[in-house]
Amino acid sequence: MIKSKFTTVEAIMLVLTIFLTPSILSMPKNLIDTTRSSILINIVYVTIIAIFIAILIYRLLKNFPSYDIIDISEYLGGKCFKSIIGTIFILYFLISSSILLRNFCECLKMVYYPMTSVVFIILAFIIATCLSSKLEFSTAVKVNVIVLPLLVISVLFIFFANIKNFSFENVFPILGEGVYNTFIIGLGNLGAFLGIIILYFLPPYLKKPEDMKKIAITTTIIAGIYILFCVSIILFMFRFLLNVDEVMPLYYTTRYIEFGDFFQRLESFFLFIWILVLTSFVTINIKLSMDIFKKLTNAKNISPMVYSFGLIIFAIAIFPKDYAVSKFIESTLYSYWTFGISFALGIGILIFANLKKRKNAHLPKQKEVLEANE
Amino acid sequence: MSTERPDKAVTYLLAGRVIVIVNGSPYALIMPAILIDYLGSPDDKNLKPSFSNFLKGIRVLAAFITLLLPGLYVAITSFHEELLPTELLFSILASRENVPFPIIVEILMMEISFELIREAGLRVPSPIGPTIGIVGALVLGQAAVSAGIVSPILIIIVAITGIGSFAIPDFSFGFHLRITRFLFILLGYIAGFLGIALGLFIYTSYLVETKSFGVSYTLGLSPLDNVKGNNYYLPPIWKREFRASFLNTKKPKKQSKISMMWKYK
Amino acid sequence: MNNLLKKFFIIILIIVFLIAFSSSYQSSNIGNVAVVVAMGFDISDTNNLNITFQFTNASSVSDTGSSEKTEPTLFSIDAPSISSAINLMNTNIGKEVNLSHCKLIVFSEELASRGIEEEIYTLSNNPDVRPSANIVVSKSTAKTYIENSKPTLDNLITKYYETFVNSSQFTGYNSNATIGDFFYSMTCDACEPYAMLGGISSQNSSSLSNSSSPTDNTIKSTFNPASGQYISENTGLAVFKGSTFVGELNEIENLCFMIVNNKLSGFLVSIPNPLKNDSFIDVYMTPVLNTKVDAKIVNDSPFISIDCNFSGRVYSIDESVNYSDIDTLKQISNSCNSYLESILSDYLYKTSKELNADINKLGKFIRKNFLTESDYQNYNWSSKYKDTFFDIDVDCSIKSSFLLTRT
């Protein structure tokens, strides 16, 4: 039984955290890599597709009011299937947090803590998230409502502060690598909307479940606009980034912000905000994993599990040997794998569950007809 | 929240809060109390709204300064000196040239001295009490700089932090900030902005978790929380229509939409 | 017991983090860093890099509160690379060299002609180095240039490094070339990098000033007619092709560069006087609109048209001329137009035919003629730039003179 209930605004912020946090790392660069200068067209195209997917998910979830995907998978395949699906999603949340955490900590180490082992930087994050995960889920969501707008403001600030360095001609050639790359291969950029996975878990948490459609569409549109801003900053400022790999593209752009002689090198403030956002992201992932775990095991008190999940994230985060391996995992493996979970698995379960429900709804009617004929 | 002022207690009572008065105690307890209540003064409602909102902004800034300024100073000088303009960096370097202690020792020494002076000022007999506080701080600071024990910039940081803590109306709120800032100094020293950001996150989480008689302590902190009458921004007197919505009062509206009917008649 | 264990655990954690982060603290703590304000790169006798670091001591503040100006300190190291030079420097001075306040990076002409790709990549890869640090190619050695970079009207050398490029916005005789922009242009396929041209004024500057032409189009660093003590100069532009220094631009060509790239707030130009032969008048121009660049491909050759729009006021005025008369102003406008068109044309053809280096980033305008990246890459702009035709149209509207309109 889920205790915490969120308002519509809190739910929107919760979904947006999962959407927007990967943008502080190499997500914008990965998006640009496939389509080059046609990225803006591609993002608009992919956002429209994502909106349709969000509406589809809402429609499929509508037939199971206040059920999340774990409950639906139990309805579909029984307790065994529920356990499998629950485990997959727990692993997804933990691994996605670990990979992002590792890459961010590598960047922090490179910039500010060159002599410190990355293990200790990750450990600092884990301790902070474990401490905040011991509190209620609603606390984490309320903190997120305070912290996430800072991320959006920071990106908007980067955009407008760097506008004097923009070359708007970088949008040409308009079709980038060609129509095929922009619209077919560019579909891979749907990976920017992998945060849609959180919509599967949202219904039981909502105070007003009738707002689910509004939440789904609003979050997808805001995420699309935000990602458009992120890629625009990089495309308009650094065409050379198409040829050069950069650790944190948005961080790189913050190094160019200056106002006169006094305000220069403001990137530390942005890293400060992004540390808060990432901590919020990991906390929310841990809380979601704990709630799924509670559903799977029917445990009474799962608060000690915080430390176990924290340890798992820590272990996965320190697993890659170096930054190259973790970057590879983030840009390649993680994107394809989570594509499968977010879209294929999630929508597949919902479709089959809906089909089963429709079949079960017809069965009593058939029974009545048969009895009437007798 | 506790208060000795009858006008403050009455204002909150009329706003819909619950007051507890105990025979023998000079304090009245007001509940529930949210974060912004501790940054408000009873005189605010009697001033022009622009003045009181300005003062509230100053107090919020004072709260941030009291909590974070020493920690940020330690973090920036230890890990993030590229943030400082070059001339300011050289001023700090110049002022620290002859100082034998590291920044953390300096700052802890001065902060603790300031707290000692403050506490001593309370117990000294009243004719010379306030003077001791002011003169002691000035003389101690100047003597420490002349002796080369601390840098002048640090005295400014400690002084601004101290003045910030005096600007907070509620004593217990100011006190908690004074204690918590030592934690942020330590975090800033250990890990710079990373330490302070993580500390701030945990601190905010615990603040948000806190409830005052069922009401979230940080209600209305985010502009996205649509809370009426939340006290963060004081509207003009003719616009103060609603009581705080989180109090679930019997009469949520305290004045009609157009309260100055005499103006239109 | 539980509480005690918790407290013990917390103390252990604090100690662990203190130890873990202490090494980073040691290296970046304000008391342990030596702040570099300028770096110079030369070729040493052993064919290595000779890197000069300029440190400045913080001004010591005396009891009376006045600050004493302390001279910057220079150290030079012979090393095969920047990183090994920094390593050696750390050993020699006993402090960690910190490049986060380095405002000036100077390359000698000799080194720049050899190619500076490795140095630029290393500097851009360093998280300390500011992208806004200015890059200079010095006609003398970098060490001599830095030694002679002495502020005459400022107290602090860092203030001088920050402000000396500000004049570029209203004179156009030098440019605010930064290492961030240099790196961008070097790796970009549609443009070439540039740097400021620096040098030391020679003692025979007075003889040079007599031989310089009245339109001052030979003025650049080391040929600057300004006389004084040994001072460093920053006039003109150093043009690069890839990472190799290929040519110089004098101050008028630098002005044209600033016009084409919309970097000017205003500039003073001496135009032939249409009302009197063998005489010149000074006009102060301010841009009305940004310079418009339109690029087309005609018969496989690029055709670039440039439209500039200025508003001007006459500075130097003559006797018995009415500067509020429309005909007079029109004549002066026409003279301005033709003068600016000719210098812009000379400049653009110099960069394309002679230097074959697109420092004006005109390649980005040609991109809109292509639908896909591969079409653009196949066109190979960098080889086509030398075949470019330019059509320049300048429209100057001279308003009047300043305080005196009729004499």
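Letters A, B and C mark the chains in the order given here, with residues in each chain numbered from 1 onward.
Here is the rule we use: a contact is a pair of C-beta atoms (placed from the backbone, for glycine too) under 8 Å apart; a residue touches a chain by one contact, two chains touch by 3 or more.
Computed from a prediction, not measured in an experiment: that's the story for all the values here.
S.K.: Of the chain pairs B-C and A-C, which one is connected by the greater count of C-beta contacts?
M.R.: A-C
S.K.: Measuring from CA centroids, which chain ends up nearest the centre of the complete protein set?
M.R.: A
S.K.: In angstrom, rounded to a whole number, how far apart do the mean CA points of chain A and chain B lie?
M.R.: 36
S.K.: Per the centroid of Cα atoms for each chain, what is the distance between chain B and chain C, given in Å?
M.R.: Their C-alpha centroids are separated by 47 Å.
S.K.: CA centre of chain A versus CA centre of chain C: separation in Å?
M.R.: Whole-Å distance between the two chain centres: 43.
S.K.: Could you list the positions in chain A whose residues touch two or more of the other chains?
M.R.: 112-113, 124, 127, 261, 264-265
S.K.: Can you list the chain C residues in contact with two or more other chains?
M.R.: 17, 21, 24, 28, 100, 130, 162
S.K.: Using the touch definition from the top, which residues of chain B touch two or more other chains?
M.R.: 79, 82, 191
S.K.: Quick one: which bits of chain B touch chain C in the complex? Just the residue numbers, please.
M.R.: For chain B paired with chain C, touching residues are 77-79, 81-82, 86-87, 89-97, 102-103, 186, 189-191.
S.K.: For the complex, which residues does chain C have touching chain A?
M.R.: 13, 16-17, 20-21, 23-24, 26-28, 100, 127, 130-132, 162-163, 180, 183-184, 187-190, 361, 364-365, 367-368, 370-376
S.K.: Which of the residues in chain A come into contact with chain C in the complex?
M.R.: It comes out as residues 36-37, 110-117, 120, 123-124, 127, 167, 169-170, 172-178, 238-240, 243-244, 255-256, 258, 261, 264-265.
S.K.: Which part of chain B faces chain A closely enough to touch in the complex?
M.R.: Contacts found on chain B: 76, 79-80, 82-83, 85, 191-202, 204-206, 208-209, 216, 218, 221-226.
S.K.: Please name which positions on chain A make contact with chain B in the complex.
M.R.: 9, 13, 108, 112-113, 121, 124-125, 127-128, 131-132, 135-136, 139-140, 142-143, 145-147, 149, 261-262, 264-266, 268-269, 271-272, 275-276, 279-280, 283
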